[in-house]
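Going by the order they are written in, the chains are A, B, C, D and E; count residues from 1 in each one.
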Amino acid sequence: MAADTQPPLLQVQNLSITLPTRRGPARALRALDFSLARGETLGLIGESGSGKSLTALALMGLLPEGAQLEGSIRLNGQELLGRPDADWCRLRGNRMAMIFQEPMTALNPVHTIGRQVAEPLRLHRGLSARQARAEAVALLERVGIARAAERLDAYPHQFSGGQRQRITIAMALACGPDLLIADEPTTALDVTLQKQVLELIGELVAERGMALLLISHDLAVIAGAVQRTLVMYGGTVVEQGPTRALFSALAHPYTQGLFAARPHLGAGRVPGLRLPTIAGTVPELADLPPGCPFAGRCPRTIAECNAALPAAVPVGEGHTARCIRLGDA
Amino acid sequence: QSAGKDAVTLGMTLEPPGLDPTAGAASSIAEVTLYNIYETLTKINSDGSVSPLLAEGWEVSPDLKTYTFRLRRGVKFHNGEPFNAEAVKFSFDRAGGDKSTNKDKRTFANLTTQVVDEHTVVLLNKEIDPDLLFLLGQATAIIVEPKSAETNAAKPNGTGPYKLGAWSRGASVSLVAWAEWRDASKIRIRRATFRFIPDPAAQVAALLAGDVDAFARVTPRSMAQFKGNPRFQVLISGSRAKTILAINNARKPLDDVRVRRAIAAAIDRKAVIQGAADGLGVPIGSHYVPGALGYVDTTDLNPHDPEKARRLLAEAGVKTPLELTLTLPPAPYARQGGEVIAAQLAKVGITAKLQNVEWAQWLSGTYGNKNYDLTIISHVEPFDLGNFAKPDYYWGYKSEKFDKLYDEIKNAARPADRARLLGDAQRLLAEDSVHAFLYQPQWVTVANKNLRGLWKDMPIFINDLSALSWTTP
Amino acid sequence: MALFLLKRLAALAATLLAASIVVFLVLEILPGNAAQVLLGPDAAPEAVAELARKLGLDQSAWQRYWHWIAGLLTGDMGLSHAYGTPVGELIAERLLLTVPLALLAMVLAACIALAAGVYAASRHNRLGDVGVMALAQLGIAIPNFWFAILLILLFSVQLQWFSAGGFPGWTQASGGGFWPALQALLLPAISLAVVQGAILARITRSAVLDVLREDFVRTARAKGLSRRAALWRHVLRNAMIPVVTVMGLQFANLLAGTIVVENVFYLPGLGRLIFQSIANRDLVVVRNCVMLLAAMVVLVNFVVDLLYAAIDPRVQVAGP
Amino acid sequence: MRDLHHHYRLPRRRLLGPRPLLPVLHGVSLEIAAGRSLGVVGESGSGKSTLARLVMALETPASGSVQLLGRDLHRLPPAQLRSARRDFQMVFQDPYGSLDPRQSVERIVTEPLRALARPTRAELRERAAEVLAQVGLRAGDAGKYPHEFSGGQRQRIAIARALITRPRLIVADEPVSALDVSVQAQVLNLLAELQERHGVTYLLISHDLAVVSHLCDEVLVLQGGRVVERGAPRELFARPQHPYTQTLVAAVPRLVV
Amino acid sequence: MRALRHRSLVLGALLTLALLAAALLSFVWTPWPPYEMDMASTLQPPGRAHWLGTDAYGRDVASLLLVGARATIAVGVIAVGIGLAVGTLLGLVAAARRGWVEELIMRVADFTFAFPALLLAIMLTAVYGPGMVNAIIAIGIFYIPTFARVTRASAQAVWAREYVLAARASGKGAARITLEHVLPNIASVLIVQATIQFALAVLAEAALSYLGLGTQPPQPSWGRMLAEAQTLMFQAPLLAVWPGVAIALAVLGLNLLGDGLRDALDPRLARQR
């Protein structure tokens, strides 16, 4: 980190989240560190419950009530944690925006889509209703809603899933944010639609020079869409690095297991062939061991694994993994 | 504050169903209309005496069968039609005619009305009725105007000092003074509003809140809080009503006089009066009230004695506990008295199953079909000993002795004879223990202390508005 | 939309027809008749019989039912046995009280409920929420007639601000006027509204909380709307959907509640009329009143369905 | 299975008009040889689940027939259909929704048996233990309730339920789509193993082409209720013929390593 | 917050138990004989002898309250029982047999809804005479559509679950599925609904008794005590307070219990609400 260069767009340092649960407070996120420059794209993968969405919500300042945050989140060098909600409101939808997983429920069913797309424009840019409408038409057309002007007064239920996801994208892009966070934007969609939406996001990011944080549990989606990748497991980033480097040299046992467990398209059925699996299941938040979260399921577990969270060990150019047994396989 | 005040608001428990007393028997009709809108030949006074009203005077033949009335002159109906002998004849013929729905139809059917001249009528009675003059002062005997008679229920037309102002159904009826009445200048109250408040608590609240100026026959329970209050006057008046625990004499084992006596002996009238009427009543031992002609005190004939009651039951061979139904009409005295009586009967081995019924059910089930064992009811008709002589009356009482006695009473022209005979009749009923006679109720009127002219006693239920006035303090 | 309306109207008519039969049959079983009640126990039996004939009580049940329905269809409800006046007029007079009373209560309840419910939801699990909800629990638990009595004690008897009951009428001519009439309805409406308002407040709160958890609220927040702005712009209208349903269902209870409250405040409303007419066996009136109440309930729910469509664009033409 | 047509009736549009039909399947025909597995892929709403329900005789086709071991399922009288169900069972997509949360694992697993006959308790226990062992669960799990299991384990329970009648055909509607990759592999392995050991036939429905190609001998591509292409997975995905299949295959994100 | 929820359950359960205990206790012991009138000591203020004073007949108010709990419970249990039994059955049938059966059941339910309970009760008591049994039946009938609707809605949700599809695939008929899967899964909803309806029944009984249509003397009932006390409101206001408080506490307890149960039985809600 050179001090003379301009600060990165987003810098997250040692971020931890504690959530109140029925079984007491749970460390849902531990020691998260990453930074994101303008125009950079970053992927976040991991199994369900690994903390991907929490990370995204933390960045947006939208964590559920009672969540406790430690560490630091800086946007353009400015610390965001501890700011009053009004400050966050000025940033949300304006400098940073988010696309959610479920296009079916992310839109308010009783408001027209025109109104919903125009809302951030009116809020942050102070546009008049008419100006905002015109702008909304342009946005909707850009995301590929045909004859947008005519459909401005339609309600969400009159659109298909793919179209709705496009509308949420238009909404997120309305004010031209610096940072776009997309939390599993395609999970609810068909493969064909998924491809279209991913391509659309890719185009828009490139076109407007935004930074992108793309969240997915699908390795293939991440592999094709982002420059850098973080692999999460049990609330920690177990491995991170440039996407290409990471996928070509999977370092952490979890990443390796995950990768191996995928069936391959076109391989065809081979009798007797089994997929390599990871034994066990994802641990529950409240029961997370103090050490490596993957300890129990990992074939290489030794006693030390349970002692403390392993430090991030560099394995390549900008590629690190949190494992104390990287060397021995 | 009340000086020069010429409006009054009176509370009433029930709303009259219509304003025609010849088409309905509800006492509320009379309470609003009698002597106010309609007038009768005679007027009943607070003490029960009878004085002239539309008739200036009358003669009665010695055999009590012919009555000659001299009518007041220059009287007009509200609609301008004159009051005359024709109107009287029309009214009485109508009341006794085929199409009549007058509750006293039988009385009028016995009468023949003859027009002597414009201002004289003669009534011929088929039977002797010593109370006829009183009867002619009641609401069923109002003089109506022939052309408007059928519409009286909604558009009453009479000769009285007041006309109907407005009737907002369910809430109130207001009467306004009629400027052309013969003595209009004597009227102090120009506008009177009757408000209908059935709920006892609401009655109290309305009085306390000053919503009504006077309330006749409020529920006795609420009296205590007005007694000490300087804003109010409380009038306690006697009545001609008899509250009884009626016994179905036709049913076993109640047809046994010993069982009936046992029931009577089981009852402590004092406690009943306390429970049913908050102490506002005078115990009676027979179907007759103190103050009426020929009254004798029969309350000691079969006094409260549970021990004796149990003995009588045993004598009669009744297995205890004896289960009886006690049917209670909706009036508070019945419902409250019922609880007390049931508790008292329980002590001598009679289980009284309380059965609360609506008025309509009481009329059809108890009164009409005689389907009951015991019931509590107040008979308000002033002179109704005759009911004991009716063979098909709901009491099921049959006594040749009484029938004969009653015949003699009817035919006794001299008051002294009648008084003696009436005493005998009272004793007979008491001895036969036809019912458990409970008490003569007293009515409570609570009124603003500045209101004058309220009736002290209530032989009949009316509100004589022309007598009311506000005092100047 | 037309189809939706037509379908609903057909169901409505069928319901009312069924109601008319049930009402008529139930009332047929009632012992006692109006003539006897009107003339009382001391009346001559001939007079009672004559009155019964005049009132048409001697006709067969079928004839009377037919007359009634035929009359209803031509807008003629017949004459009241007791009052002798057209039932239509009688009911119309009462409606002038009951409908404003019910509406006033509903409006009050809705205002209380919305304010309290939204406030509680916005302070979810904090002191304000717990306090308001505790009050709501209390409001639901208190019998409305008891509350009415307490109101009378305080405001009429102690403070003498309001009269203890009664209704002066809406016109000057009847001794009232708009303001006196409204004043007379205020206490009754409050005692009705408290329970309904408490129930609605709870519904509102949980509806608002439900909607607050919806994804689109998070979307709205992600757009930069403050908590409060998201609540007003995005949550309320969605939360109204269940609230309106419950309001519709509550309406029947509200009408029933008026029967009790009209008794406490001796208001000449529809409830009292029914009560009184049953006692008097004035069945012509009872029939029509009960039908009217049923029709009102059905109609209100119909209106609720329409409101639904207005609030929620998803239920337009298709309908249920 | 021959020439299946099916449609759903929609609510009436007009008061007295007919209820409009929504055609879903247009003459789908397929057959599976015993011990083989057939995969069905297609976009959302193409009628995959409908097909599964028809095969399971949960719905009656508008026309066409489903024959299992020579019997036309939809023409069997109810009692016979019930006993025929022994031969075909189903595994559902949602491992959370397909298990009654209020029943113990043993009850869940033995449900098909109890529906068919009145077995004794001991019998049930024994058979339950047997199938649980087959899917890699412990016999001690029989008394537990679904919420005590992870998604993958639940799907095993669902498979155990399908296995308990020793069926010839198992219809699996998206059996792994709700699972995480690491767990998905476990279930896929289990399915493969069971087939190899017991010779079960699968009708596997999935929108994940990779899953189908991993497990099936033959793949059928459904679009708008029509079979547009079928063949062995290797050839089909390597050289899709039908344009729809081509877009489908092209849309699958690849992991290029 | 959890603790708070918990508290409402505990408080509700305690109040409800107190109600039950009062009713049971009244069978074996009351401070005074509840039906015994004593015209010499009417309207006594609360004191040593009579803890809550005496009524207009000199009866001990505390004793009457204890015995009155019986009527309250009887009305609640039986009315809810009627509504629960019939309504649930109808709801289950409606959910299981879609189509015209469902339509018919739901139309009838809607129809019954058009008559408020009180109106129904007034008509019924007019026909068969006032009394607790008729009041109970009237309230119970009114509950039928409520339970039918709740049951149908939750049962439909269960029918839409995949485990029901699995049961169908196993060859189970609608009746067995209803018994084995639907009913157990909606039981908690029904329990909660039942406690809430119970509370409403207590209020309805009070209102009916207040109007003179419910429990009949001498059987004490809180609603009637309130009606009687109302007349004496200005002389002995406390007389109107006790039964009012008793009703409010009973209803409060049942509602809290219902709320608490709803949360306890539905972990999803417990976390969120």
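As a working rule, a contact is a pair of C-beta atoms (placed from the backbone, for glycine too) under 8 Å apart; a residue touches a chain by one contact, two chains touch by 3 or more.
Note that the structure is a prediction, hence the values are computed from the model and not measured.
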Worksheet item: How many steps does it take, at the fewest, to get from subunit A to subunit B if each step moves to a chain that touches the one before?
Response: 2
Worksheet entry | Most heavily contacting chain pair (counted by C-beta pairs in contact) | B-C
Worksheet entry | Of all other chains, the one whose Cα centre sits farthest from subunit D | B
Worksheet item: For subunit B and subunit D, what's the span in angstrom between their mean Cα positions?
Response: 87
Worksheet item: Using CA atom averages as chain centres, what separation in Å is found between subunit A and subunit E?
Response: 51
Worksheet item: Counting in whole Å, what is the centre-to-centre distance of subunit C and subunit E, each centre being its mean C-alpha position?
Response: 22
Item to complete: Could you list which residues of subunit B touch at least two other chains?
Response: 199, 201, 205, 208, 330, 358, 361
Fill in: Interface hub residues of subunit E, defined as touching at least two other chains
126, 230, 233-234
Worksheet item: On subunit D, where are the residues touching two or more other chains?
Response: none
Discussion item. Using the touch definition from the top, list the residues of subunit B that touch subunit E in their complex.
Written reply: 199-201, 204-205, 208, 219, 221-222, 224-225, 270-271, 274-275, 278, 330, 335-336, 338-340, 342-343, 346, 354-358, 361
Fill in: subunit A partner contacts - residues on subunit C that touch it in the complex
124, 214-216, 218-227, 233-234, 237-238, 311-314
Worksheet item: In their shared complex, at which residues does subunit B touch subunit C?
Response: 15, 17-18, 20, 23-26, 98-106, 153-154, 166, 168-172, 174, 193, 195-199, 201-202, 205-206, 208-211, 330, 358-361, 363-365, 367-368, 381, 384
Worksheet entry | Complex interface listing, subunit A residues touching subunit C | 60, 62, 65, 85-86, 89-94, 97-98, 100, 102, 105-111, 119-120, 123-124, 155, 157, 168, 171-172, 174
Worksheet item: Which subunit E residues qualify as touching subunit D in the complex?
Response: 161-163, 165-172, 176, 180-181, 184-185
